[in-house]
Every structure is written in C-alpha cells, then in structure tokens.
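Letters A, B, C, D and E mark the chains in the order given here, with residues in each chain numbered from 1 onward.
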Amino acid sequence: MRPWKRGDRPLHAPARAWKRRPRIRPGTLPGTLAHDAAAPPARVSLIRFAHDSFDEREVSVDEAVAAFAPGGVTWINVDGLDATVLKRLGEAFGLHPLALEDALDVPQRPKAERYEKHYFLVLHALRLVDGALTDEQVSVFFGERWIITIQERIEDETFGAVRAAIRHGRGRTREAGADYLAYLLLDSVIDAYFPIIETIGERMSVLEQEIVGTAATTECLLKIQQIRHELLALRRAVWPTREEVAALMRDESGLVAPETRVFLRDAYDHGVQALEIVESERETATSIMEIYLSTQNQRLNEVMKVLTVISTLFIPLTFIASIYGMNFEAMPELKWRFGYTSALGLMAVTAAGLVAYFKRRGWW
Amino acid sequence: MRPWKRGDRPLHAPARAWKRRPRIRPGTLPGTLAHDAAAPPARVSLIRFAHDSFDEREVSVDEAVAAFAPGGVTWINVDGLDATVLKRLGEAFGLHPLALEDALDVPQRPKAERYEKHYFLVLHALRLVDGALTDEQVSVFFGERWIITIQERIEDETFGAVRAAIRHGRGRTREAGADYLAYLLLDSVIDAYFPIIETIGERMSVLEQEIVGTAATTECLLKIQQIRHELLALRRAVWPTREEVAALMRDESGLVAPETRVFLRDAYDHGVQALEIVESERETATSIMEIYLSTQNQRLNEVMKVLTVISTLFIPLTFIASIYGMNFEAMPELKWRFGYTSALGLMAVTAAGLVAYFKRRGWW
Amino acid sequence: MRPWKRGDRPLHAPARAWKRRPRIRPGTLPGTLAHDAAAPPARVSLIRFAHDSFDEREVSVDEAVAAFAPGGVTWINVDGLDATVLKRLGEAFGLHPLALEDALDVPQRPKAERYEKHYFLVLHALRLVDGALTDEQVSVFFGERWIITIQERIEDETFGAVRAAIRHGRGRTREAGADYLAYLLLDSVIDAYFPIIETIGERMSVLEQEIVGTAATTECLLKIQQIRHELLALRRAVWPTREEVAALMRDESGLVAPETRVFLRDAYDHGVQALEIVESERETATSIMEIYLSTQNQRLNEVMKVLTVISTLFIPLTFIASIYGMNFEAMPELKWRFGYTSALGLMAVTAAGLVAYFKRRGWW
Amino acid sequence: MRPWKRGDRPLHAPARAWKRRPRIRPGTLPGTLAHDAAAPPARVSLIRFAHDSFDEREVSVDEAVAAFAPGGVTWINVDGLDATVLKRLGEAFGLHPLALEDALDVPQRPKAERYEKHYFLVLHALRLVDGALTDEQVSVFFGERWIITIQERIEDETFGAVRAAIRHGRGRTREAGADYLAYLLLDSVIDAYFPIIETIGERMSVLEQEIVGTAATTECLLKIQQIRHELLALRRAVWPTREEVAALMRDESGLVAPETRVFLRDAYDHGVQALEIVESERETATSIMEIYLSTQNQRLNEVMKVLTVISTLFIPLTFIASIYGMNFEAMPELKWRFGYTSALGLMAVTAAGLVAYFKRRGWW
Amino acid sequence: MRPWKRGDRPLHAPARAWKRRPRIRPGTLPGTLAHDAAAPPARVSLIRFAHDSFDEREVSVDEAVAAFAPGGVTWINVDGLDATVLKRLGEAFGLHPLALEDALDVPQRPKAERYEKHYFLVLHALRLVDGALTDEQVSVFFGERWIITIQERIEDETFGAVRAAIRHGRGRTREAGADYLAYLLLDSVIDAYFPIIETIGERMSVLEQEIVGTAATTECLLKIQQIRHELLALRRAVWPTREEVAALMRDESGLVAPETRVFLRDAYDHGVQALEIVESERETATSIMEIYLSTQNQRLNEVMKVLTVISTLFIPLTFIASIYGMNFEAMPELKWRFGYTSALGLMAVTAAGLVAYFKRRGWW
C-alpha cells in the first residue's frame, strides 16, 4: 500500500468531517480537471461478473477500459483521485466533464445527477477514526451494465462487504444489473451511519453522567459543542443522501430497473430513520447543554451560599467582640466578674440564633 | 407463558422508548432474516371468522398456513420474533423479504408500505411500565381476507379488546374484511396514546407545583428533561403513524375498501389530536423549564440578598467599635462619662438608619 | 333551567380551555355512543323559518324529528350531550355514527367533515368566565334545508344573536338556506374570539406595567406563563377553525351555495386576522418574559451593588482603626497630640477617596 | 380642514401601528355598515382624466356619482370614514356590502379581493409621526375605468405624489387605465415603507452605540422591545401587501391589463426587498438584545469583581492588626523595638503579595 | 483610472454589505432614471468574438451600439452607473425601463427577470476589502447573441478571469452564445463566495481559540455579532442567487440553450453548497456565542469563588483575635503563659480546618 497525500490532507490524518470545505477555485473554467502533481497514481481494480461467472483483478486504466464488454456487469473501482485516470475513463464511457470535475474536487454534496448516458452519484462514507468523525467522498458513475466508483483514499475498505457478497454470489447480487449494484453501495454507505450515530449517542450518555455527577468543566462544554458539530455534519451527510435515493426512485431514464425501486424504498427508509435519530440526538445535545449550564450555575450558587453563610455568621460575633474591645474608661461590663463569660455567652446565643434562622430558611 | 429474551432486552425490562435504536447491521445484504438462536420459539394463534362463524385457537405455524381458506377472514397472530416462523409465513403468503426483515429488525419507524399483494404496516404500541415509557413494535401484513400480526413480546395484550370485539361479534367487526381489521388494530394503537399523554400531563402538573412551591433541585431538572425525551419519543411515534393512516386512505390497490376510509379518516383525526396535545405538552415542558430556571435563580438571589443585608448592617457598626478600640492617648471621648453609652447610641442610630434605608428600598 | 353535570365538569365550573383533553376511551369500538347516566336529559328547541314565516318552540326530540318538512329551513338545537337524543336524530337525518360519536366525546378539534348527505362541523366557542378562558364544543350537522346544533351546556347563549336576527328577519337570514345559517354560526364563533384576544392583550399591558414599575415577583412569572397557555389554546382553536372555513369554501357537494362562498371568504379573513393577532400577542408575551427576567436580574444586581459598595467603603476604614488598636509599646502616633484627630482625618480622606472613585466609576 | 375624531382615536393622535386591533363587533350581521354619529362628514374629491384632459375638484358624493361617464378614468377619493357616503357609492358602483364593511371597520389586513365587477384592495399606509409608527388604512375599489379610494384621515397626503403625476401628465399615468392607477397607489404605499425601515435601522445603530458605550439601562431594554414591536408591525403590513400584489398579478378577470403586470412584478420585488430588510433588522434587534444582556452582565461583574478585590485585600490586613490588638500579657512582639514597624511591614508585604497574586490572575 | 464617487459612497470605501440598503425614492414614478450629476462618465468596453475571431477595445457608448452586428457574440461592459449611457443602451437594445431603473438604483436583490426580448440578471459580487465584506451589484442584460454588463465601480476586476478565458479561447467559451457567457458570469460570482466563506470560517476558529484560551472581552462579543451580520449578508446574497440560477434553468423563452442547462445545474449545485456552509457557519457562530457567554460566566464565577474563599478564611480568624482584644478585666486566658501561643494555635487549627473543608468540597 503506497503512502500518498493530496493537498494538505495526508493519508492517515483524514479531514474532520465537520471542518471539510469544498475546494472551489474561483477563476477556473467549469469542467476543468486540475492535475495534482503531488498525488500518487491511483490504483484501479476491476470486477466483472455475470450470473455464473466472476472475475476480479488489479489492472491499469487502459486494461480496465479494454475489459468492458457486453454481457455481465463491469465494475471499475479507482482508489485515489488521479486526473489522468479520470480523463481516460471519461473518454471511454462518455462521462460528463462537470461530473468528472465533481469527482475530483472533493468534497461535493451527496447528490444523484442524471446525465445523458449515465447517472452520477456522490456518496459520503463517514467513519470514526480515533474518535473523530471523518469523511470520504465516493463518486459513482453507472450506466447500462457498467459501474465506476472513485474513492478518495487508497486503503479504504468501504465496499468490502459488497465485494465479498458478489464474490460469493450471495443473494441476487449477481443476477441484477449495475443499478442494483449502485443501490448496494448506497445502502452500505447509509447503513454505516448507524454505528456512528450509536457511538455519538453513547458519548452523550457518558457526558451527561459526568455533568450531573461531578463538576462541569469548560472541557465538557467544548465536548458538547464538538458533538453538536459532528451531529450537524452527520445531518448534512444524511439529508441529501436520502434525497439522492429519492431521486433514483423517481428515475425516468430506464437506467434504474423497477425491481430495484422497492430496494431503494428500503434504503430511503433507512435514511429517514438515520435522520430521525440524528435529529433526536441533536435535541439531546441541546438538553445536555442546558443541564450543563444549569448545574454549573447551581454548583457555584451553592458554594457562594455556604461561604456567605459563614461570613454572615461571624460578622455579628466580631461586632460584639469589638464592642468590648473599646477603650472607654466607663464600661461597667468590663469590671463585672462574669463579664467575659457573659460576652462569650452572648456570642454563643447570637451564633445559635443565626444558625437556627438559617436552618429554618433552609440555607444551612 | 414461556419466559424468553431477545438480544439484550429481557422480557420484563422492555427498552425505554426514547433510547431504542434500530439494529441496522452494516455489511449484511438486504432481505436477510438473521436467526437469533437465543430467542425461544414464537407462539402462533389463529382466529378465523365470518359473518356467522368464529374460531380461535393456538396452533403451529404449519397448521396456521394450512388453515387459511377462502371465505371469512383469517387472522394469524405471532408472539415473539422468530425467523423460522416468519420465513414459513413469508413463503405461504408471498410476503416480501424486505418487509419480513423489517418485522424482525425492530424497531422500525411506523409506516405503511404497499407491496404487490399485500400491505405491510409497522405500528408502535407504547405503554407506561413502572412509569417508564416503553415501546413494542407490531408488524401487520394484510391482503385479501387475511391478516398477519407479529408482536415482539409474548405476553402482550395490545389487541385484547379487538379480539374480544370479534369474539362477541360486536359492531361490524365480523362483516368487514381484513382492511377493517387492520384499521381496528391501528385505531387501538392510536387510542392507547391518549392515556399516556394524559399521564405525562399530570406528571408535569405535579412537577410544576413542586418547582413553584419548594426548592427546585437538580432532580427536578432531570425529571423535566426526561419528560421532554418522552414527549419527543411520543411525537416520533405519533407523527409517522398519522402519515401511515393517510397513506392507507390514499390506497389505490383496492385492498382498502371505500367503506373503511371514513373510519380511517376518524383514526387520522385522532392522530392529529394526539399530535396536537403532544406539541402543546412540549410547550408546557419548555415553560416549566423556564419557571424552574427562574425560580432557582430567584431563590438564590433572595438568600444572597438577606445575607448581604446582614453583613452590610454590621460592618459599619464594627467600624465604630474599632474606632474606640484605638489606643491613642488623647481620645477625649474615652474619658467622657457617657462615652460608652454614646458610642452604643451611635451604633444603635446607625443600625436604625441602615435598617430604615434598607426598608425604604424594599430590601429588608 | 335545570342544573346538571356531566362527568367531572359541573355546569358552573367549565373546564379551562388549555387543560381540556379529549376523552378517548381505548378499547371501545369506533362509532359507539356511550350513554352517560348522570347527564340530565337534553333540552331540544326548534326553529323553522321561510321567507315569510317563523316558528320557534321548545320540543321533545320526537316532535323535532316529526316537524321537519320540506320548504323553509329547520334548525334543531340540542342543549346538553344526551346519547339518546343524538341516536334518535342520527336515525332520522342519517347522521354518520362516527360524527355522532365526535359530537358526544367532547372536545374534538375544530373541523369540517363531509359525509354522504350532510356536513359535520365542530366549533369551539371560547369565553372568559371569571377571567379564565373556557371552551365549549358546538357540533353542527347541516344538510339540504336542515341544520342541527349540539351544545355542551344548557344555559349557553352562544347563538343568541343569530337566533334574534332570524326572529326579526334581519338581512338575508331568512332568504338563504342551511349553509348560510351554518356560516352565520361559524362567523359568530370566530367573531367572539376578538374580545377575548383584546382582553388578553390588555392584561399583558397591565402585566408589563407592573413588571417595569415595581418588583417582579414569581407571581408575575406564573401569570405570563398562564397567558402563554391561553394564547396557545386560542391558537389551537383559531387555526383549525380557519381551515374549517377553507374546507367549506372548497365544497364540491353542492351543499354550500356559491352565494355563500363570498361570505365564507369574509369569515376566513377574520380567522386569518384573529390568528395574526394571536401570533403577535405570543411574541409580546415572549418579550414580556424577557423584560421580566432582565428587570428581575437588574434589580438584584442593583441591590448587590449598593450593599457591596457599603461594605467596601467600611472595610478599609476598619483596617485603619484596627492598626491603632494594636498594643505595641512603641507606636509613636499614639502619643501624638493630634494622633487621634489625624487618624480620624486619615479615615475621612480614605472614605472621601473611595467615594470619589466609586462616583467616577458610576457605582455610587 | 375640519377637525374630527372617530371613536377613541383623535385626528392628531393616530393609533400606534402595533397596538391597533380590528374592531370586530360580535353579534352584528355581516355586511352591516354601522353609522358613526360622531364622525364629521367625509370630504369627497374627484379627478377625471383622459389622454388629453384633466379635471380635479372637491364635490359632494352625489356630484361624484353623477360625474362618472365613459371615456377617460374617474378617480373618486373619500377622506374620512362616512357610512352614508360609502352606501351611496356602493349603490352607484355595485360595491359588495362585505367590502364596504371592511372599508369602514378599520383596520383590516392588507388584501386584494376580487368581486364580480370590481377589485377591493386594502392598503396600509405607515408613517412615523413624532417617532411613533402609525398606520392608516386606505381602501381601494377599482373597476373598468373607475377607481374609488377611501382614506381614514382627512388631512392625509399619502397619494399627493400620484395626484401630481397625473395632474402634470408625467410618464404614462394618463394613458393607462384604472388598474395602472391602482398599481401606482400600491407602489407609493410600498415605497413609503423604505424611509421608515431606514429610520428604524438608524435608531438601532444609535441604540447599539449607547449600549456598548455607556451603562445599559432598563430604558434601553424597553426601547429595543419597542423597536421589535414596530418591526413586527411593519412585517405584518409588508407581508400581506406583497401577497396582495401577487394576487393582482395572477388576475384572471381582465380588470388588470397585461401591460400592468410587469409593473406589478416590480412592486412585488420592492415588497420582497422591504420584507428582507425588515427580517434582517429583526435579527439585528435580537443581536442588540443579546449585546444588551451580555454587557449589562459584564458591567455588573466588573463592579463586583473590583469591590470584592478591595475587600479581599483588606480582610487579611485587618486580621494581622487584630492579632496585635489582643490583650495577652505575654506577647513578646509588643515589646520589640521595631514591633510596630515589623507589623506594618508584614501588612505591606501581605498586601503586595495579594496584589501581585491578583495581578497575575488578571483580576486587578 | 478616474476617481469618482456616487452619493455617500466613495470609490475606495465601498459600503459594508450588511448595512447596504436599497435607495427607493418614494414619490418618483416607476421607470424613472435619475441622473446623478456628481457621477463621472462611465467607461464602456466592448468585446466581440466568434469561433475564430476576438476583438476587445474601450469605446464610447455610441460606438458600442454601432458595433453590434449579427454573427458572433457582442459583450458591452459598462463600468460606473451613468444614466445617459444606460438610456442610450436601453433604446438601442430595447431594454425595459424598469430593468434599467434597477440597474441604476443599487442595490437590488439578486434576481433573474425575463422581459420580452431579453433577460435581466442582478448579481452581487462580494469581496473582503480590508477584512470587511463589501458588495457590488452587477447588472446583466442578455438577449440573442448580445450581453450587456453594468458594474458599479470602475476599477472592478470581477470578470477578469472570464474575459481572459474568452481572450485565449479556452474551453468552449467562444463556441457558445450569450446565455453561456451569462452562465460564466454567474458562475464566477458564485465561486467567489467560497474564499469569503472560508475566511469567515477561519476568523471564527481564531475567535473560538481566543475565547476559550484567554479572557473573553466585550470586543469578542462584538466580533461575533459582526460575523453573524456578515453571514446573514452572505446568506441574503447566496439564497436568491441560487433561485436566480433555478429560474434560468426553467427558461421557456429559448434564450437559454439546452446545452447550457447542465452547466446551470452545476452552478445551482455550487449555490446549494455555499448556502449549506453558510448555514453551518451560522450554527458555529451561535455555538461560539454560547461558549463566550458560558466561559465569561465561568471565569467570573471562579474569581468570585477564590475571593470569597479568602474572605471566609480570615473572617473567623479575625473573630478569634477580636475576642482576645476585649478589655474585660477578668479574662483568665490573657494571663496564661502560653495564652498568646494558644490563641495563635487556635487560629492555625481553625484555618487548617477551613482549608481542609474547602478542599474536600473542591473549592480551593
């Protein structure tokens, strides 16, 4: 596996999903494929299968183009964003330059665009890497019996399960066409949102425990804000993905078979579910924020109350003591036999009275 | 009644409705029915009725399938999620694999999906168990004169009233077809939301009393947040259920008779009502939260005010005393006959002045 | 006038509009009319009128049914919810059981439902009774030349003005049909919202004055919340009523004459106006809440500031005094002739300096 | 110019726009024109113009009705709400009673209603009178070649510019028909919103300066709330006015000429712009509110901090002094030669240490 | 380059985007082009190109009009708002007076208006000048093979890249018609939003660092509010621009070629992306605001806590000292040999006890 990097984002430090911004370059003409000299050559792999055959190998882009033949379904997978490879595939399969540009200028929003001879899908595969939500764009082109997928990173295993299912001919994977394969990819991307959602949910539970149980620190606040950012990033991925599925369901080009639609409806349903949980977790995050602010306040208030109670207790006592610290010549109490004891007694009574009063008011 | 459990959710500790998450397993092919070895066999019961006949017994799944015959309506009820039983029923009645998967992978969102030969409904029966909102998915398949219901838990009595109505031939229950029966089930699920809504409303009243009357504690805050979660869970159940009813009303397959639609409109109306009260209770919860925060603040403020007033009263007095505690040789007051009395008088006057001032400002 | 009560709601203590909940009884079959044995018999009155005739009397339900004859318009008004009367009317006029159930199981949402031979309207007549917003459901059934109204309470005078207008043949009340009469009822219900809205607006003005002028108490907070609840209840009544009018305007059954539609448009307009003012009052309520919280805060802050300023003034002075209260043998100042005067002067200077500083900072 | 008043609103104290409420009188029949005996007679003026002629004079209502003749456009303007005049015009031009009622029962919402033979427009002319946003309803009826405008107040100059443009035959004002004239009136009402919006914007700038620069007082809070009310009133005027223009654009009656539509689109655009700025000013108002609350808080915090720092500085010093104020016989320090100096030194060192600590923590 | 100014906005101090208000002049007739005597004459430049030809020069407006000839595309660019030039162009190309007025009365909202023979587009070119978001309106008229652009400022280089692309015949710029050129202008305006969005995002990161790291000052608050204003201004520019693109996509006049639509879809997509990031940055701004308020609070709380802890520690100690400062004759402790030491010990023990207590409670 060859290490490489593209722009400022090295292979093993993928960009945080919620800080990722599209690289629109003002001043360039639409449809321009900018060649990134620093990028290593992409890795191209080919899967060809029919009802009873299966072939999988690593190839060059020219071999891939040459291997496409009627009968069966051809799946060309490109790992790495390489303008040369994309141009070559674009010429061979008639991919639209604007779509190719979007495949190269990551990230784009999830979307399903229909061009004359093919569909262009943008998927966002989200993962938690070292606890941080990261994001990879997967571009999918599919037409009549062929499908091309372009992944940002080389070592990605996003579609491992789909590949295995075809390899072992599970279910109807080998019977159906490129549209069903595209559905499987979409479905696996959507399904992968759920473990992430669950992890975030668990983190929020832990955070809530912390906030209620012990002192709420600024770190907690930042953690909540981070989670809210991540939920927003999830939402921004899930919402348009759901719309994308809906667009495929409404297809009128004939590239999506009627049998595939019932599966798309299922994927749509998963999208709705994901969205719903994300929304509900956003509400939870807000509610944790409220609890944080409230307990933070309450804890301080308690501290201040105790401290003020202590001060308030001693200030009158000190006042009594200071009276008998005055140097007047004519202070009869000073000469009393039990003057001192009486003063101490007065103080004790005052203190007891104050404590009783505080207790009655519930401040002690 | 056989005790059993499925996954991490034992029979007598049903999952809290607002923490329940769908079990999407990334990497599995759509339409896969995962067999859960730990689950006990499901219990299958059969009801067959026509205008003038009624038959109800506990059967095996094969008996149930064999018993289906034209004339009358056949209702097969399955208690417990058992992949084997579902597969058998799926083959016999032509149930779609994706629908079967949704019946097994609980919870799904409430929805009405039309397949070629049948409808698939997901219902969410909510109950308050030991004060906690719990949730059971009920999956309903219905076609021409047959209906299959699948419940998560064995001991559930969700549809007891409907069963009794058929048993005693009340109303038009025996005249109508499977669609009317499906409506009755939907209706009984929706109607069961109302007592829950009412209970939550009462809890909020109690909570409001507590907050206004006595000290607001962190526990109150957590209770409000819990109620808000539950209301959100209710909303998430009610909203799509209402949409589900609307989808059945718009049916074009002929599986829903025109006579049934006016009843569905009634159920829809109940759904709207439920939603409206839930929304209004959500507003109430927010308003209780506001009252909580405000009274919590106000109470602390009162404490601080009283304490500060006490300190402020004694500090000037102590100052006067400390003046006459100075050891200057030439302090004529010290030698005055009524020096001490004058000093005490000055203190009394000062204290009275301060108290008067505080009273005039309304701080005392 | 016979006193009576129904369920837990006596005649003279009508339920608060914003706490009223529909009585859905889970487990009953749809269309069941529950007989409430405790309810007194309803009072039935009959109005029959044509262009040149008018007849008004109190009758039994059987007389009412018998009196219905072609020509002119027949208006049967039922005061009190009595299952027997409703059943009888239902049979005579072909009223749908679900509509009858809704007329009995108050409160329902305002709605206009079209059945085969008649319309069913639910109206909510709101009134301020002893300052509390109360609510009465009025159910209206109307068909070709007949109209039936069912009111919850017996002594209600909701439709007095409409009755008087017909009695004296004002305007076109006697020319038009049952649809125009239904419009008049709707209109009088909607117009009755305006004085309520105005009263709430005035209350808010008073409350705002109170909050800005004097100390904001917890009672103010509860009053605002109460007003917000009432506004929400109003909104929940007005919004669907407006939709109800819109539904009648879109009528395709022919039961609503084209001439009536321009009047319905006017009623719709009033509904929009009412809604708009309610919304604006809701904003005002929020803004009063904000003012409340802010002034409450500001007042406390002022108190704390003054108190702290006093303490801060005296603490340094006390410090000076305590220095000369030390018992060192070698303290030359103590022996100075003007030592005491100097010390007092030092205190005065310090105090003056602090006061000047506080004044310059704007704290005094 | 005759002084007069209507109801509780004298001529020179026009109602504040955001407190104005419609005068719906429950219990009156729709279409009733209530005669207000206290109102002075209205002033009627007539403008007749064609391509090459122009005639303008003050007339009685009967003269106005008589003067209407085919050819050219007739504009009857009524200043003052006078039921008699409206009735007379209603009979002559076939104005609908409901529309006449709306013209008399001010204020109504801005709206465009199409009746059989004419349009009825409600406009809201807003002005700032002595800094307060006031509102006048202008009712416009227009049909084929005639237009009637009814203004609430007599001295109003709302349409002075339009009148002047016709008088001098500027632009295409004399070529076009009554619809174009109606557009001009609408346009002049909408354009008059902009100076108001700008004035409110400037007030907010001043307020923001005040809040940031000096002490934020409760008065500031009330001013912000007042501005928010005014913005809401503006929004309530602008939003339906825009919809009104849209309704005219969609006209199907033929009363609005196709050439006029492009002008209406322009007016619509102005409406959208006005709305957008109002919305943006609402956001600004909210943000000023936030700044107000935050700076108010921060200022108090600063005060409290300084005061507390002072107290905290002197309390330990006083403690030291009070130690040497104790009267123990055996206190060696008291006899030291430099005891006093040492104590003062200890105090100085303590104070310096505290100040240094406070400075390091950034509290000084 | 000639320096000039228009109204109150000099050339080198462009108006802040979020404070810019449209100059609607109430009282003027629609379609009036107000001549601004202070404005210097505009600069007109002409580009003519066909597949194989290219011509670019600075001309007078009459030369520009004369140069328009069939074949190829004519692009007339006007720098500066000059009523005379616009009138001349309006006559020559049949531009609608309302559109011309909008080109002169800047700023208008971004919009695409179709007139009989041409489209009228309003674009908003945003830039960051000295860190402040500024805004220039660009008006675009395009018809069959001609395009006219009007820019507010003379030195603007908004379309430099497009001009260069045509000059060097890059891509299909020379093949396509005026609609494609209009698209290129739109696209370059939209793409220019992205660097601005990114800069604002970076500023927010810096601000967040500042707020979390050091003391949050009022300046931070104002900066956040400023950023929020700018984001709102961005949103107000991007949202209608996106709608503008959508309007062109739906064109039915034939002025927009079908081939151009796929490019417009791409531009639309960029608009959606921009909007999405702006929305997400608005959320981030809100979250920074929350962090600001929370940390500001927390920091003060910490200060108050420490100070109060110090006071609370010394007040009891001072009390002890003041007891032994009393002048009673009969105070046995005073005569003890180790009285003083004991007193000091008592103080030390008390202090230690308090510190231990504070530590245990986590307040130290």
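Going forward, a residue touches a chain if its C-beta (ideal position, glycine included) is under 8 Å from a C-beta of that chain, and two chains touch if they have at least 3 such contacts.
Everything quoted here is computed from the prediction, not taken from an experiment.
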Report task. Superimpose the Cα trace of chain A on the Cα trace of chain D, which carries the same sequence, then give the rotation angle to the nearest 5°. Result -> 145
Requested in this report: Take the average of all CA coordinates in chain B, do the same for chain D, and state the distance between these two points in whole angstrom.
Outcome: 44
Query raised in the report: Could you state the distance in Å from the CA-based centre of chain A to that of chain E?
Result: 27
Requested in this report: Hunt down the residues of chain B that sit against at least two other chains at once, touch-wise.
Outcome: 304, 308, 311, 315, 318, 322, 325-327, 331
Report task. Based on the touch definition given at the start, go ahead and assign the chain network to line, ring, star, complete or other. Result -> ring
Report summary line: When the ring is traversed from chain D toward chain E, the order is D, E, A, B, C
Report task. Enumerate the contact residues on chain A facing chain B in the complex. Result -> 161, 165, 170-171, 173, 184, 187-188, 191-192, 194-195, 197-198, 201, 212, 262-263, 265-266, 269-270, 272-273, 276-277, 280, 283-284, 287, 290-291, 294-295, 297-298, 301, 304-305, 308-309, 311-312, 315-316, 318-319, 322-323, 325-331, 361-363
Query raised in the report: In the complex formed with chain C, which residues of chain D make contact?
Result: 18, 21-22, 24-32, 96, 98, 102, 108-109, 111, 113, 115, 215, 218, 221-222, 225, 228-229, 232, 236, 289, 293, 296-297, 300, 303-304, 306-308, 310-311, 314-315, 317-318, 321-322, 324-327, 331, 333-340, 343-344, 347
